[in-house]
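You will see chain A twice below: alongside chain B first, and alongside chain C after that.
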Partner chain A sequence: MNIKKYIKIYSLFLYTSIASELEYKYNVIIDFITAILSLIGSLFLLTIFFQNTDNIGGWNFEQALVIQGIYTILNGITNTWFNPNLTEIVKHIREGTLDFVLLKPIDSQFFISLKKISPSGILEIILGFSLLFYCISINQININLGFLFLCLTTLFCSIVILYSLWFLISTTTIWFVKTWNATEVLRSFLYIGRFPLNSFSFSLRIFFSIFVPIAFITSIPSEVILGIAQVWEILFELIVAGIFFMVSRRFWFFALKYYTSASS
Partner chain B sequence: MFNLNKNKLITLLKVQYSNMLEYRVEIALWAISGIIPFFMLNIWTNNNLNESINLSNEMLSRYFLSAFFVRQFSVVWVVFTFEEDALLGKLSPYLIQPLNPFFRYLAQHLAEQITRFPFALIIAIIFFLINPGSLWIPSLGLFLCSCLSTFFSFLIQFLIQSIIACLCFWTEKASSIERLLFIPTLFLSGLLAPVISFPEFVKSWIYITPFPYLIDFPANILSGNNTNLISGFLMQIFWILVLFPIFKRTWSLGTKKYTAMGS
Partner chain C sequence: MEENIIQVENLSKSFDISSKGPGLRGTLKHFFKRETKSIEVIKNINFGIKKGEIVGFLGANGAGKTTILKILCGLIYPSQGKLSVAGNLPYKRNTNFLKNITLIMGQKQQLIWDLPPIESFYLNAAIYDIAEFEAKKRIKKLSDMLEIEKELYIPVRKLSLGQRMKSELLAALIHKPNILFLDEPTLGLDINAQRNLRKFLQIYNKETNATICLTSHYMKDITSLCKRVICIHEGCLTYDGELEKLLKKISPVKDILIICKTDKDAKELSNSGFFIKNQNQKEITITIKKDSIKSTLNKILNKFEIEDLYINEPPVDEIIGNILVKEKV
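Let's turn to the complex of A and B:
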């Protein structure tokens, strides 16, 4: 692994994909409006829940806002990087262009996962962070270095878990060819990340922490920000992120053994 | 513009149904991806949020199950197919045929709904197994009413999306407009929370928009919740009558504009 080389390649990826995205300028603007509306919609739903109660699952409104912030950031990251790239895998496999990727002298997972970028999600990331800063001020949280370090670590772990889930599902394309809809299932599951894990019933909680670890993705970073996270939770998230990343990488190379290329 | 007879319709449906059967797994997955209402139900009942809107747990679970069904049979994706066909020039041969290509898309949607039906039924059975208290059988009249209103809801969404799809003739990528419009549909249609739970300042204007008639109205009929049948149907028909001429106009303007990619 030559890190310098990969950084250089990535800056080229950035340049080409932003150039091609800006061809559709109006699209970018419309996507920006969509991102803003989507956040307003989530807040609207949250106010409905809090109309006649002061907590759901033990979280009050100000605390639940933190989860919305984290969710918005992660959704922005998904829309900027994961969605445009990993839906492309389907195309690569259907049209046989994965051959060209595999022939290149760089890591295939790197190429497949980072080739494209769609700028529309970046606004969502900014919105998410603004909401988070607002929450930090209304919840009167003291910021110090240790706190920042923990926040960024758990957030990073969440991104890794999210990426691994997306990548795992996209990899199954090698067998099923069309997994567009499988990513839709993941999308609908991710939807529950907008709400505190404790607001769901016990069985759903188990499902979303063991089988599909969506619960960690937003709940643990939010708990860290609010200062109510347990040490074991943070360690657990680190371990889950590590395992998922390794499994997704292994699975990709395993799946490649079954890749037969189109029309050959 | 619309020279459609019974034979053409049946043939179209048959062809599209066999087409859809080939993608059974895809459609099954799609049916699963519609289970968001059940997560919402879980939040509502688990936190006793429904006490404030005077809906018992049973009624609320029936509402969300009905919302799931209505959504299953009113999902529209014509803009995505149309965009691809227009971009790749596949639209040209369709335009030569003496049949508006939107009938083909309509048949695709109907065929997909028929394919989807068994999967939706399985999900409903699982739901009743977990939640036996909410089992109910709607009266035949109400059931037919809800079927009709679901179909109207489908038509409204189909017309809106077809109008957006026609914008492909001008902008090439119209699906981003659809994604924009999907946000109010998601939050205001009653898929995530019944419209009666909305705050007053939203309820005062929402019933003039088409949104509550997409999910909330048919789901309320099916689940047996209180709803005004006559005004609901009138509003649905009103929106269909408003949208249809707009679609016709954009279509005829758009086809004149069409330049057929790659030719």
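Let's turn to the complex of A and C:
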């Protein structure tokens, strides 16, 4: 893979999609306002939960705010990249425009996953990081290079897991044609990621860690930030991210063999 | 002997297609227990195409023309058979193969809707590894040929269908492909836009010696671009050869338009046993066998007072329309 070529193409993807979005400026402003209101709503919900108790699943309010921060970043990434691109796969397959993607001398998964961005999600990412920095200061956490490296690595793994899950579901469109509902269920599961993994029962913890590792993707980076993560958890997340990404990629190329294109 | 750039041997393709009965009962049955049937849409087809040829694929809707094009450009896996396009197995879609071909579909578009076409051209140039200065040169040349210099900077959504199609062509040709697959490229265009597009394809073929495979329901596209046609009927190849020979073979008749001097002559002519194709007062069109032109003309000129007379080939649309529904040509 020619990295330089892909960086150039990605910079053009960024430019063209931002330019396209800015054609409709009121839509961008409304999206920004929605992102701010959504964060305020989530924080309000969290304060209600902690009104009558000091901790949920062993996490106090200040610690739970870290999870909210990670969730906001992941939700921002979902809105910036996954939502505009991966929901588009369904459209590409139904209307047969996937043909244009497949006939380009470029990795089709790269093209289809990163072609568009929605700038409003970037505000959510910034808000999420701001909340994290606020949490780091109120929890009196020392920042050093190793800490930053671990935080960013686990956060990156969480993004990879979430992406792979979403991509796997979208790929099934090649057979089922319409799978909007399945990605909506995934988004609903992502809301669960706003709460600590320990606050769920044992069976739900297993379900949300292994089968649909949603809670797991917010909990581990949060534990790393709070300095309570176990080494095996970090390694486990790394392995899960690697496996999920490889499976999503293999599954995509396998599914393409069954692509029949839309009729003309 | 020159080798074929496209070679197809015993090509077949089947699709699993589900069918649904009418009404609520049919819908529920379709939802819970879907009945699928394997339908062979391409049946054991063989042909070869040489570099620089323009070949028209003819067939009724659903005959399998687009499926053949999509198999040739690597979008659909064939169920059976051997094929080679520019020395490659299309469905492997390797980079060299993809840089050699292009697919243009009249009813689908790849341009970014909210931006001017020039932005899509630069994006495609980057994808095909074309340096910026070279891309600028190619865009300039192609936009001159297509006469869309001004439209390059207007958002795609504000362009007319004809301007959009020309821009689609430019986007699809920026990497100088050697093989062009065109699936109904003139669909929905007005007569002038159709003519311009055909003119462009003729020049492009002449200048680059590119091979062009074309499907179209507009016979003018086929007659003005393709010397050779391949007819497909229900997935089977029914004719492969020169268009002119096909027309001669299947249409051994001529139309004669006779303009009579008086209404009386017109009435008598229409009752004299000729096959009347059309009649509009004193203008009568009769259809006769090609080998009886001389005797028919003698008879008409001797018997009737006529003002003028024209001998025509029947319209190509009519002839082709008749063969599209035939199993054998």
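Annotations
We adopt the following convention: the second predicted complex is superposed on the first by the 263 of 264 C-alpha atoms of A that agree within 3 Å, B and C clash if a C-alpha of one lies under 4 Å from a C-alpha of the other, contacts with A are read in each partner's own complex, and residues count from 1 in each chain.
Basically, a residue touches a chain if its C-beta (ideal position, glycine included) is under 8 Å from a C-beta of that chain, and two chains touch if they have at least 3 such contacts.
Everything quoted here is computed from the prediction, not taken from an experiment.
When both complexes are superposed on chain A, chain B and chain C end up sitting side by side without clashing. Of the two partner chains, chain B is the only one that A:I33 touches; chain C does not reach it.
In the superposed model, A:L103 lies in contact with chain C only, and not with chain B. By the touch criterion defined above, A:S188 reaches chain B but does not reach chain C. With both complexes placed on chain A, chain A has more residues touched by B than by the other of chain B and chain C.
Legend: residue contacts after superposition of the two complexes on their common chain; A:L12 is shown touching chain C, with no touch to chain B. Judged by the touch definition given at the top, the superposed model places A:Q140 against neither chain B nor chain C.
In the superposition on chain A, A:N52 makes contact with chain B only, not with chain C. After superposing the two complexes on chain A, the shortest C-alpha to C-alpha distance between chain B and chain C comes to 6 Å. Shared contact residues of chain A, touching chain B in one structure and chain C in the other: 24. For chain C in complex with chain A, the residues that touch the partner chain are 15, 66, 70, 73-77, 93, 95, 98-99, 101-103, 105, 107-110, 112-115, 119-120, 122-124, 126-129, 155, 183-184. By the touch criterion stated above, chain A contacts chain C in their complex at residues 5, 8-9, 12-13, 15-16, 19-20, 23-24, 95-97, 99-100, 102-106, 257, 259-261, 263-264. Listed in rising order, the residues of chain A touching chain B in the complex are 24, 26-27, 30-31, 33-34, 37-38, 41, 44-45, 47-49, 51-53, 56-57, 176, 178, 180-182, 184-185, 187-188, 191-192, 195, 199-201, 204. Within the complex formed with chain A, the residues of chain B that make contact are 23, 25-27, 29-30, 32-36, 39, 42-43, 46-49, 51-52, 171-173, 176-177, 179-180, 183-184, 186-187, 192-193, 197-199, 202.
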